[in-house]
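Several structures are given next for inspection.
In the two complexes that follow, subunit A is the common piece, with subunit B as its partner first and subunit C second.
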Partner chain A sequence: MMAPVCKLREFLRYLGEASIRYARESLYAAGYVFEIHKRTFRFLRHIQPKYGYRVFIMQMLFTGFEALWIIAVISLALGALIIIQGRSLLIQVGQGTLVYPILIMVITRELGPLLTAFVIIARSGTAMATELGYSVVSHEIEAYVSFGINPIGYLIVPRFLGVTVSMVILNLYFNIFGLLGSFIVTQFIKPLQMNEYVDNLLSYLTPADVFSSLLKSFIFGAIIACTATYYGFRVERSPTEIPQMAIKAVSRSFILCILADAAITLVYYI
Partner chain B sequence: MTYSTEIQNVRIVRNGHALLDNVSAGLEEGKCTVLMGTSGSGTSCFMKTAAGIMAPDTGRVLAWNQDIELMSAQQQFVFREKMGFVFQDAALWANMTGFQNIALPFQFHRRGMPQEKIAARIAEIAGEFDFTGNLDRRPVDFSTGEQKIISYMRAMILEPRILFLDDPTGAIDNIFEKRVLDILVKRKDQGCTLVVNTHNPTYTLRLADTIIVMKAGKIMEQGPASQVRASSDPYVRGVLSDALCLP
Partner chain C sequence: MKFKIQFASEIVGIFALIAIIALATILIMMGINQRWFARNYYYTSRFASGKGLEQGMSINFKGFEIGRITDIYLTDENDVEIKFYIQDKYQPKVFENSVLQHTSSALGFGGDLIFHQGAQQTNPLEEFSYIPSLDLPEGRYLVTRGLVKIARDEDAITRVVDDVEPILENVNQLLLSLNTTLTALNDPGAGDSALGDVMKNLVRTTGDLSAFLHQARPGLNAIIDNLGNMTGDSRGLVTKLLDPKGSLATLLDDNNRLFDQIEGILRDAAYSMGEVRGFSTTFTTARPQILELLEEGRQAVRLSQDVLEGLRNNPLLSGGITPRLEAPTTQQGYRDEVF
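And then the complex of A and B:
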């Protein structure tokens, strides 16, 4: 009789401890995100000195500029696929013009922000988590603290801004290539009239589509920057923790971006 | 007795292991305190706590009679300007050149200073250390000894009033070791407080006014150097005999 009671008590204790640990970690993460936003505000209001601008420019170059070609390839391929497959299928049922709202829905509202986010997670999310993890292990963070340089203000805020701004720009770029660039690709396979294509596209594109896309890219950028840097800082002492935290940063970023995407889409339809 | 920094009843526990266990000590203004202990005894942790880099779980750390944890942003800024820390493994910022590593604290604390003045100050401190290497390289391109010297220059660029040195002779050659010792003696004569974690007998004999011997996160012995040297505790004698070549 005693054994099941003991096991139940042990299970409840485990559950309680895990809950407390999870709640504590969540509170810590919330505090971290709050601190980033507070310091970002100071950075933008020029309350903080300009010593983080170099990091901001470097982050923009790495996250934004260097990812342009990957985004171009993905968006061109995706746009061309939708036009070629969609048109041939929809024409058969007499709904050829439906390809435009489908293009907008897939590229502008859904996959544009999401695929851009995935590219940024894979490139910059891992890089940031790894770099910060290494900085912790090699005591670089402690060196900043020793001089009174706040690591969040100096290292994280410029990265947060760099990733978020890059994410918004890359999403626009994805849309331009996906919607217009794919038209050029299609010309080699199934010629279309440029005027007809652009007019139809613009007639279906609403401000709400553009707003939804921009909002998603902004939120995804913030999520990726916060998650990657958070897990970078979670490295404590050992270099073996760096890849573990980088994996966590990537997987959590994916999950959070997908959840945020679902939530925004839900709000959009409500 | 005036203390630059004082740590009171500090306890730090990580992963169930006490790094510092109810430690209290004062670092006398203008004097040199040498920390000693076997590996893992908590000397590095003591230094980081006293420097306000590591926060205690319980207890408090005072810098010039102000609790570091309770300092305002402005007070922290002033405190950090007065403090330099040389890390055991140099801890240079990997994405900056040697020059930028030395310049950043200077740019941060002397905002708006022209680039020429910063370069002149760096040239001056490099001259003091007899460092003739090219500073426009990344840390990875320097030898570990050179990294340590750059770390010294970075810590001293602001003329700190208290200087923490974690394993000051690690990785540097005999010539630099002597040069650094001369600079430290000069700084001490100018009134700079030194806190040194070392087992180097030359450094201990020439610099130490006070010695703190630690074991497993606790202070085993602390006091004037002559008094600690005369300790009869076997552990203290063991640590000192290694460091000071005592019989």
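And then the complex of A and C:
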């Protein structure tokens, strides 16, 4: 009779401790995000203009410019596939022009920001978590603090800005390649009139689509930067913790981006 | 130092600048294409139902989008009122007596709102004017009067359905009228039917006639006396007609030919009356079956109307028949040229 009661008590204790642990972690993460945003505003107001600028530029170069070719290939292929398959199918039911709203919905509103985010998570999210983890293990962070330099202001804010701005710009390129570049690819398979294509596309594209896409990419960029740097700083002393934290950074970033995407899409339709 | 690292700022600057220029260009092209700064002329219209109508729905004229719906609301009279705009370049085509027609697809592929131009070329209707729809009697009245140009649909099936539809509607109305009449005939004793009223009036009229004859009897007696006097007068008209040498005798002295003809006519009439009586007896007996037949016919016509409407709205049929691609056969002869 006593054994089930003890097991229930153990389970409840475990549940309580886990809840408290998650609540503490969540509060800590919320404080961390708040601190990043506070320091970012200071950075943008040129209170500390000098020492983060080069880090910001390098982050944009690695995260944005160097990922451009991957984004271009993905978006060109995706756009061309939608046009070719969509037109073939929709023309059979006399609704050939529906391919344009489908293209906008997939490329601009949904997959554009999401696929760009996935590419950035895979390339830059892991890189940032690993780099910051090594900085913690090699006591660089302690050195910055001992020199009176705020590690968040110097290491995180330029990365946060670099990733967020790169994410927005890469999403724009994704849309350009996906909507216009795919037209060129389609010409080799199923030729379309340029005027017809551009006119139809522009008549279906709304400012709300563009705004929604940019908003998503901005939020995804912020999520990726915060998550990757947060888990980079979660490394404590052993180098073996670094890949563990990098994996956590990637998985959490994916989940958070998809949840944020769902939330923004819901708000868009409500 | 690596090239990319050395010129990182420049590379990032160009990378960002191209994206910003592209975004600006797309926004400007969108503005031009979607006429963000062009003038729109607003009008109103009314429909019987709001089903299939939605904000932003395009209004087409001869296959061109000329405007869009901006507002839809229900009026106090339970009509659906829409507010819509016509683009500035198409506004001069909005003549008086123009109408709107809403066509919907049965398969859920949306519907069309079609603008039909007034038949007479007039000055364009003023902004905020009312343009009737074919859902309501005022719109249909304009069509009946020929005051509006209803464009013939290009689709063959739709054209056929358009032609058949008014006929079916008339047949339906006729059957409904017949049904109502036969129902009234079938129930004459109800008192409130038309035939009951006629019977009542007949009884009343007979009574009135009897009373009148009773009152008029003295006068009639006097007239009869006068007639008697006239026939007794040797110089009167009747005497002259009855004279063996008179005109009437001459006319009747034709070896009974006239009498034979009259007799034949009367015999035919008697025969016809007999047939009519037989027919009316048969008709009275078969009336329930005829009523049932008419009702079934009416339902069949209504079902055919639905089927034809479905066919007309079916986008698969509207698109015509998809051309077949002839696939080459995989089986080849053993004695072909290559072999």
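Just so it is clear, the second predicted complex is superposed on the first by the 269 of 270 C-alpha atoms of A that agree within 3 Å, B and C clash if a C-alpha of one lies under 4 Å from a C-alpha of the other, contacts with A are read in each partner's own complex, and residues count from 1 in each chain.
The criterion applied here is as follows: a contact is a pair of C-beta atoms (placed from the backbone, for glycine too) under 8 Å apart; a residue touches a chain by one contact, two chains touch by 3 or more.
Note that the structure is predicted; figures quoted are calculated from it, not measured.
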Practice task
Judging by the criteria at the top, classify the pair subunit B and subunit C on subunit A as clash or fit.
Solution key: fit
Exercise for the section: Tell me which partner A:Glu142 touches in the superposition: subunit B (first), subunit C (second), both or neither. Expected result: first
Exercise for the section: Check the residue A:Gly64 against both partner chains and state whether it touches subunit B (first), subunit C (second), both, or neither. Expected result: second
Exercise for the section: Name the contact category of A:Leu172: first (subunit B only), second (subunit C only), both, or neither. Expected result: second
Exercise for the section: Using the superposition on chain A described above, determine whether A:Gln95 touches subunit B (first), subunit C (second), both, or neither. Expected result: second
Practice task
Using the touch definition from the top, say if A:Leu202 reaches subunit B (first), subunit C (second), both or neither.
Solution key: second
Practice task
Tell me which of subunit B and subunit C touches more residues of subunit A.
Solution key: C
Completion exercise
Least Cα-Cα separation in the three-chain superposition, subunit B to subunit C, whole Å, stands at 11
Practice task
Would you pull the subunit A residues touching subunit C in the complex into a rising list?
Solution key: 57-58, 60-61, 64-65, 68, 92-95, 165, 169, 172-173, 176, 198-199, 202-203, 205-207, 210
Handout entry: Partner subunit A, residues of subunit B touching it in the complex
Key = 48, 51-53, 76-77, 79-81, 83-85, 87, 89, 91-95, 104-105, 107-109, 111
Handout entry: Of all residues in subunit C, those that touch subunit A in their complex
Key = 4-5, 8-9, 11-12, 15-16, 19, 22-23, 26-27, 29-30, 33-34, 109, 315-316, 318-319, 322
Completion exercise
In the complex, subunit A touches subunit B at residues 49, 51, 131, 134-135, 138-140, 142-149
